[in-house]
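Shared chain: chain A. Partners: chain B in the first complex, chain C in the second.
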Partner chain A sequence: MDIKESQTVRNTLLQEIGKCRACRFCIDVCPAYQASEWVENMSPYGRLQILKYLINGTLDEDDPLIYSIYSCLQCGRCDRLCQAKGQNLDVSHLIRLGKYLLSQGLVKGSKNEKV
Partner chain B sequence: MDVNVSKLTKDLGKIVGKDHVRADKPTAVVYAKDVMPWDLEEKNIPYAVVRPLNSKEISKILKYANEKLIPVHIHGSGTSLVGLARPKTKGIVLDTARMKKITAYPERGYFEAEPGLHVAQVRKELAKYNAMLPVFPGSELVATIGGTVAVNTSAHAVDAALGKPGDFVLGFEVVLPTGEIIQTGTESTRRPAGIDPTKIFIGSEGLLGVLTLIRMRLIPLPYFEHIVAYYNTTEDILDAVMAMYKQGIHPPLFFEYLDERAAKIGFEAVGLDEPIGAVAMMRVHSWSKVGSEDKAQKFLEFLKTGNPIEARIIKDTEEWNSIWSSRAEAGNYMYRLGTTFGSEISPRVDKLKDAFQEAKSIVTNLESYKDAEFISFGHIGAPTIHAYAFIPTKDISNDMKKAITLEMREKTEDLNIKYGGCGGEWGLTAQRVSFLKKKYEKEVYEVLVKMKKALDPNDILNRGNLQGWI
Partner chain C sequence: MRRSKRFVSEVLSTLKDNIQRTGDPLGLKRVYWTGWAKGLNLQKGGETILLTARMYQMLPYIMQITGLVASAKPFLSRRGLGEIVNMGNRIMGDKIIRFKALGSRELRLKSHNVLKGIVSALGVIDQRPAYLYEDEPYSGVLLYDLGLDEYIEDHIKKVYSLFKTYKVKKIIGVDPHTVFMLKEIYPNYIDNYDIEVKHYLEILSENNQTLKKMCKKSLDKEFVIHDSCYLTRELGIVEQVREISSSLGMTIAEPENTKLDTACCGGPIEYAFRDLTEKVSETRIQELSAISKNIIVECPICLINLRKYEKEMGIKVWDIGELLFEALH
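Then we have the complex of A and B:
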């Protein structure tokens, strides 16, 4: 992914995550959230917030952040929930894009060139 | 305040176990973020999130916080719409998510639940005992029972038909802000007469203590019947509500409305044909099948004395489910189409129409944003009007979001004051200290501050919510 492409991905993520209403309906259906004994940053909602604050510079890349994002199993339950009760976001796709961005080490202000 | 976060984490870890305290920033931002439309600021982001298992651990956390003078913000699921869930200062977030036990005692006539259970989970558990949970928030999939009782929100239920959740609370276990664990109320189904500390904690919004066990009456599940009524305009629905109270008609358990615009959005969202005008929907309840049918029939006859295009009882569950879900989906879909800024207006019933017209005027004449569209829905039988400023874009700056939110808040507060109401659903203190000061004599706010100081001398719990910080 070159710089231009990473910018496009960042913009897409910010735009799409901006649609999240923080209703938190998606958290209960997430198997990683359940397995973590209900820690909200191990939920779809939590991962979207982390990605937003990572891209806007509030957060730096660090191990807990990467752990939260990578705890997504891509099962897609949150997508169904968001489609039915929320804002119709393709949540698991956005998290996948976030993982891709992280893995390229192209997040602005990143301390880790390669994750 | 100078806090050594690694020492704090270590100390809290000794109380709850190191797996249940997190001081990393990703966790901190997730727990600080709530539904308020503007972004977090550094002051909102906590030092650590701690996840206790029981009242003993909470007691130790609060004693520790008092010793170190670190604020503690209680977190259920963070679904409060008006800022209650967002920490106003740096501190410790106390998450109740691990406290999820529930036990029903049918032979004693009550159940006991820990605060971290989601409302829908409680409802599911009570269904085994053919019992009804008297709490109906739109966010019941995720809102916690602890938060619901701590706010004492009626949500969909019409107060005059059922009462508020607090009316069914028999007692609590509470951890006081200074760490003492106390029991309140009774184990009998007979609630105490006279002074009962239980009542102080109902609706206390986490300012006076942490609710760690909630004892509520088991209510045998009633029979329900459903009615839908279509009107040319929202004003016709307001007339029906005003007439209902004036004539002394028994109010239904739910009495919701969608205005002309919200009805179109909601009905389209669930795949129903577009209605001509505004829509009202009601659920009546009674303890017998015959009783509920009779009540529905009588309420239908009453509605027909008004001016509906059509009003009928719905027997088909599937049809009712899609009409009822159009009410919930209207809010969701509005947000999908743009950005919304809500309000809660609960006027004196005889002033309902005046309040509605003025709410409309507030939205269409906003100073912080020109050309906002007025859309409204809500629990009109209660009566609650949710007046929304709808802006058909997501592309609004953070500062603009804050300005619109604050202008809507201030102007709708004035409307509640003008027409004798004060809101009955979203909780008062976190955002509305200015409202309390404007509406009541200054002594009223002073009493609240004294009460807080008596129980929480170091202002540890939910600091900033009673000061009106945003």
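Then we have the complex of A and C:
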């Protein structure tokens, strides 16, 4: 991923996450959130917030944040809920895009490797 | 959660390395995916092919790998040690996994019956797809799920070029993840993508009456359906499995979260976060077993994740392909 492409993905993510009305209805249907016994970082809403703060530099990539993002099951229940509530964000796709951004720094031998 | 960053890094790097080295997510070099087709006389290559993408055949090995990864997790998460474990994987992983998977005979037989059942069902409605045998590729879905888009393009182009070599025009997929990749993701990477992709349940449900007539025995039992996330929410295939099940004589019950609101089996993250996966699958199996002791699934990942509760809870998890095998043989 070159810098230009990476910047486009970051902008898309920030733009889309900005549309979230923080209604938090998506969190209750997330199987990972239920399994984590109600840790908001493990919910779709929590993951979007983490991505937002990782992209704008407020947070640094650390173990709990990586765990939150990569433990998303991509099951898409949050998408359906968001659609039903009228906002229609493709939440699981946005989280996958977040994985895409993070994976560049995590794969060994990648030019952006950070680990 | 401790050392997740390093651990995820090791998992991503191993997966990328496996696919680049062998084209297989498990990094297995020897062909392990053609045994089920022995004696079926499927034509090699043709305009319409059945694509298993190795998913069902992989199950005995996935069982071993997730166990090995869970026990190697403390090492994989440490600098230096992770590299040693990965080097071991490159040199010996293939042999160890294949040796350990020898004990999963029951699961191997189950996955073979699923695929044989699908081929038999397609046969009774006059659909005889070809098969690519040892040339059959993996779809690359795990690369996509984990955001390894940088490496997907190369893999997709290789797979597409293989299809073109065999002059493939139509693909019948057997698992939701592969069908999703071929239908929704491949066209983003291939200009003028011209391959028609269908899930076998769509084809069977279009010919449901013929299938009903050809059944040799009626499966007169009550079953509860566990819908697959990808099949329902991504591909919109919801009623087909119900129509086919009714034709086989089964009574279908619905669990608490069903159809487009189905709940996940926990499988997609089992490669790395086994504890969380187990909590998710436990919740789901309780919902399902409260309705019926016989559970139908339509996806290999759901099958492997939910069947581990069979002994403990006195339930039986069936793939719909397996039930087709039962009804047609």
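We take it that the second predicted complex is superposed on the first by the 105 of 115 C-alpha atoms of A that agree within 3 Å, B and C clash if a C-alpha of one lies under 4 Å from a C-alpha of the other, contacts with A are read in each partner's own complex, and residues count from 1 in each chain.
The rule we apply is simple: a residue touches a chain if its C-beta (ideal position, glycine included) is under 8 Å from a C-beta of that chain, and two chains touch if they have at least 3 such contacts.
All figures in this text were calculated on a predicted structure; none of them were measured in a lab.
**Student:** Mind checking the superposed model to see whether chain B and chain C fit together on chain A or clash?
**Tutor:** Overlaying the two complexes on chain A (C-alpha atoms) leaves chain C and chain B fitting together cleanly.
**Student:** Which partner does A:80 reach: the first (chain B), the second (chain C), both, or neither?
**Tutor:** second
**Student:** Considering only touches as defined above, state whether A:32 meets chain B (first), chain C (second), both or neither.
**Tutor:** In the superposition, A:32 contacts chain C only.
**Student:** Touch check for A:88: first (chain B), second (chain C), both, or neither?
**Tutor:** Only chain B; A:88 stays clear of chain C.
**Student:** Between chain B and chain C, what opening angle does the Cα centre of chain A see in the overlaid model, nearest 10 degrees?
**Tutor:** After fitting both complexes on chain A, the angle is 120 degrees.
**Student:** Contact-wise, after the overlay, does A:62 reach chain B, chain C, both or neither (first, second, both, neither)?
**Tutor:** In the superposition, A:62 contacts both chain B and chain C.
**Student:** In the superposed arrangement, does A:50 touch chain B (first), chain C (second), both or neither?
**Tutor:** It touches chain B, and chain C stays clear.
**Student:** In the superposed model, how near does chain B get to chain C, counting Cα atoms only, in Å?
**Tutor:** Minimum C-alpha separation, chain B to chain C: 10 Å.
**Student:** Using the superposition on chain A as set up above, list the residues of chain A that contact both chain B and chain C.
**Tutor:** Comparing the two interfaces on chain A, one with chain B and one with chain C, the shared residues are 62-64.
**Student:** In their complex, what parts of chain C are in touch with chain A?
**Tutor:** Against chain A, the touching part of chain C is residues 1-6, 8-9, 12-13, 16, 144-150, 229-230, 233-234, 260-261, 263-264, 266, 268-269, 272-273, 276, 279-280, 283-284.
**Student:** Could you pull out which chain B residues touch chain A in their complex?
**Tutor:** For this pair, the touching residues of chain B are 20, 22, 24-27, 29-31, 33-35, 39-40, 51, 77-79, 95, 97-98, 116, 118, 139, 141-142, 328, 332, 335-336, 394.
**Student:** Quick one: in the complex, what on chain A touches chain B?
**Tutor:** Residues of chain A touching chain B: 15, 18-19, 21-25, 27-28, 37-41, 45-46, 49-50, 53, 56, 58-60, 62-65, 68, 85-88.
**Student:** For chain A, which residues count as touching chain C in their complex?
**Tutor:** Interface residues on the chain A side: 1, 31-32, 34-36, 61-64, 66-67, 70-77, 79-80, 96-104, 106-110, 115.
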